[in-house]
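Both of the next two complexes hold subunit A, though its partner changes from subunit B to subunit C.
Up next is the complex of A and B:
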């Protein structure tokens, strides 16, 4: 047995099995992360052969950069709307598609497909829908709310982004919810129905508590994905109209690569990392408490 | 948490795949370098006399519209210089030239020749070759090298001259004015407004304003800087003053006039109802089919326009008037300048590769095939006096005509890299009518103060 042997021997065996992963993890995650952190203390522009230390100057710029915080608040708005809608839609789809509907496998596959299309392509397809197709329909049928492209109005453009995001991710989350719903034991549902519980009560008292793990994962995944969204943002609105839908990832990217302010861009990315890590940690921590055993 | 683990594993395997494929790519040039350094056995057996060593160089093309042409040119160049192979790279979707070039440097595998925008060249100055002693320096047209000369060293090859203004569809304008339209009759904002009225009276929407931030910021608004003075050093000083925050744009006659013209344009815009809904792709179609008379754009749009052409290439340029005094600078001068420049890497390239790279540049300027590529294949206006081929495409021809008559103003080709995005957004607000003139000019002043 492994435990019989000395520490060194155990360590060696451990290293043998973890080394490949550890190596990959270090080179592609840890090293770039630390290097990025190091760059936040310099004024590098992305190409110069020399760089100067500027201490915490970049972090000060982050807190003084009004555009960064406006963009963060906008992202928060987008994230809250998207996460709620994604999960509600995904749950409803999952619930419907586990209720024994005819052809439900076909529908499951259908709703999952948008998730297989890349964000850039998706953005371009929806750009066409919003600025050509809907406008055309709106003009033909005199529907004033789609007579002009949604993408040219700041509020509607954000709404358009939420719609596309929900359309993209709901299918994926639906799969997770379906797995959760199928693992709800039938005996307790049967017991509930014998006790005379109606559908709503069963849902609230039985199903929802049983699928809390799925909810945690789905909320976590959608939180993290919507916070980091870039591709849809780029190809659907490109931050427009007039920079009003520039979400936080795009803002950071543009700071570093467009304004050539690598140091500040990196610092903003790091601040963003801390904020998102805190939010997702709190989400997982508090919702974990709601988990129950069957 | 099962699904999450699966997801992590998936990401991890993706990352591994990327590493492996990335390594595969970067090892290739290294191998070739090795091959280039020692003459390959086959060659030394076949031809004992001194044969140039095989060299492979890469060229980063950042003018996506000529990718095909430039690949053909590389093949023709290979026929002229069989020992040199030029591989053409390009920028990815949504990637800027600077981003691509700098990431190639970060990977330690830069392109020997990289095409950049004028303003980016200085950033690379520690890493690129001083081209001051090249032969083509003496044949370059006036003012084409100044913007990329630092500490007395010419650091970039002027690749393309581009100009912009109002592109007009001549048959549409002929019909509107009742006779043959003469572009020199449009010298003031008033003239332009009359022309718009005439086009409208002839039953067509007068013009299309393409609402992209780059067009409005880097091209339209930049006219305001370039026409501050006929003396370029005054323009440079004006930009410096903007950075220092000592310019009051709301009391600047040129900006006032430029935005007056813009107000007129807004009024006759085909997309007046929803000014931001237009796209670049729609412009060439409307113009070439004669559905509008005028489109504000540059000669780079020719490939798209020619795709829809219904009037046998009868197009030309009109300068953007900025006042009602016909003699003011800018009212009859077209905006043109060297837009794309090529730099030569010296940091990671072997002497043979550098030699090959400069040979390629010489080929572009002096070899018949190189000239043919630039002017006839790629429809580029060359920045060299010795190239006498005449452009075939009407837009380049029109720009060349203005240059030949000395009726040009130098476009702003070295603005800060984020200028187009930031000021373009301000101009979009003005176009959409959500911000008034004062607010927009203030945003522009604020932008300049933030430039480091």
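Up next is the complex of A and C:
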């Protein structure tokens, strides 16, 4: 063990090396987290200087708040569709772009582009695409399904959200899948092809089991990001039309900051956190069991 | 076999080219329309612009306070990222080399905190810092980014520092370096590839972040680029040409940087995800 001489000197180095990080981390993450926990047991409205203890009243309100659960189910629908499509598209791109195509680095770089730009801007870009460009094309070519903007149609607006989300994250997950695919040793694939395995068998029996770690990471990341999405939601549909795309983050935000129901809003934020943590934990736990070693 | 192979490759390349073009088409459409007048856009959003008029750009540049917003974004991102890398690498190094109970718990707490989404703490965060009158300043925002960003950065550094042989540092200590000197002269330079990864992951996040600055920065002159663009879009949403120019002004500088730093960015994302 490397140590400086003298307790005081050691203590000073310790402070110098860890205090800035731990102080910022504690005051920005831990204190608000604990204070948030406390807020859920009070009826703070954002203005009053005194807080009244209300017990589990706020949590009861969460379970009675229909809008919260409608929004949660809507988010679940959006998350399932997005996570599946993101990963399928990302994997297909990664598989094609590791097969030795000419210029595959260029393609990889191209598909990554949406990740460089914030969700708020991507939403604004697609707002124009959905409500101007697609409507124009629909009218010119008589394509009835895009003749009217998807963003004003309660049945299609969520679909628009899914499209933008998949477009946004597919490139990022593709990079992770590429890293996974490149780590599959070539010799076992060669051995398989000598033994007469066709492409489909190789994929199912060798490649997929070997990239389970990449699949776990990608599903985890896309679950987390889609559950908590706010910026694309705000800039693409702003929850409309008629609240048909108000996803759970936006619901919590509005509950707290617009309805000034901070206690209930914070309780909803915590319930949401616990739900998402449970779902992602189960996902990682069950898919870890499928991991194999080469 | 050979002809069949090349036929396959050709089809794949063609499909990929078409798909990539569709993929980046939204940006091209925005770029094309940013040079047009509103009537031109409405009559045909797919046409090429008649001329490369810059009037939209000049107006957008002034009305969204582009210079302020860009400078704010740049200051906030650069300061936050530098501080995150510096403090986190020091902390991670200390954690690896001093395995006390306290350090192990602190590290565990930081890693565990990564599953807490921002939405779960935004309300108390605004209340606490609001009552201390610390909101509405760039520096408060930088401070918060250090707090939020340090967990992942410490985690990434921790993984890499474990692989550095301890003997290297012991040699420096025997030669008379202090712990601080050893860190800055020996360890930090070795960490450079990891630092690049930490830089890239954090720049992508902080430059594009919306919700936190949206809650913290209220005065228009303090706004970051995403905030300025969003409020500009809200004010002029009917002026298509103008908002397109605004979007291009925000989006294309990033793509330009990407053009040069592309290799590092892709690598950084790969490295960051594996750990």
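Rule of thumb we're sticking to: the second predicted complex is superposed on the first by the 269 of 294 C-alpha atoms of A that agree within 3 Å, B and C clash if a C-alpha of one lies under 4 Å from a C-alpha of the other, contacts with A are read in each partner's own complex, and residues count from 1 in each chain.
We adopt the following convention: a residue touches a chain if its C-beta (ideal position, glycine included) is under 8 Å from a C-beta of that chain, and two chains touch if they have at least 3 such contacts.
Predicted model only: the values in this text are computed from it and were never measured.
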Fit or clash between subunit C and subunit B when superposed on subunit A: clash
Subunit B versus subunit C as contact partner of A:120, first or second or both or neither: both
Larger contact residue set on subunit A - subunit B or subunit C: C
Touching partner for A:240 - first (subunit B), second (subunit C), both, neither: first
Partner chain(s) touched by A:24 [first = subunit B, second = subunit C, both, neither]: both
Which of subunit B and subunit C A:277 touches, first, second, both or neither: second
Touching partner for A:176 - first (subunit B), second (subunit C), both, neither: both
Which superposed partner A:128 touches (first subunit B, second subunit C, both, neither): second
Contacts of A:217 with subunit B and subunit C, given as first, second, both or neither: both
Partner chain(s) touched by A:56 [first = subunit B, second = subunit C, both, neither]: neither
Residues of subunit A that lie at the interface with subunit B and also at the interface with subunit C: 21, 24, 27-28, 46, 120, 176, 179, 217, 221, 234-235, 257
Residues of subunit A that touch subunit B when the two form their complex: 21, 24, 27-28, 45-50, 120, 131, 135, 148-149, 151-152, 176, 179, 213, 217, 220-221, 234-235, 239-243, 254, 257-261
Complex contacts: residues of subunit A adjacent to subunit C: 1-2, 4, 13-14, 16-18, 20-22, 24-33, 35-36, 39, 44, 46, 96-97, 99-103, 107-121, 124-126, 128-129, 132-133, 136-137, 167, 172, 175-176, 178-179, 217, 221, 224, 227-228, 230-231, 234-235, 249, 252-253, 256-257, 262, 265-266, 269-270, 272-273, 276-277, 280
Complex contact set, residues of subunit B against subunit A: 1, 3-4, 7, 12, 15-16, 19, 93-94, 96, 98-99, 101-102, 105, 123-124, 126-127, 213, 273-277, 279, 416-418, 421-422, 425-426, 428-429, 432, 434, 452
Residue numbers on subunit C that touch subunit A, as the complex places them: 9, 12-13, 15-16, 20, 23-24, 26-27, 29-30, 33, 41-42, 44-46, 83, 87-88, 90-91, 93-95, 97-98, 103, 106, 109-110, 113, 115-125, 127-128, 143-144, 146-148, 150-151, 154, 166, 169-170, 173, 178-180, 183, 204, 207-211, 226, 229-230, 233, 240, 243-244, 247, 250-251, 254-255, 258, 262, 265-266, 269-270, 273-274
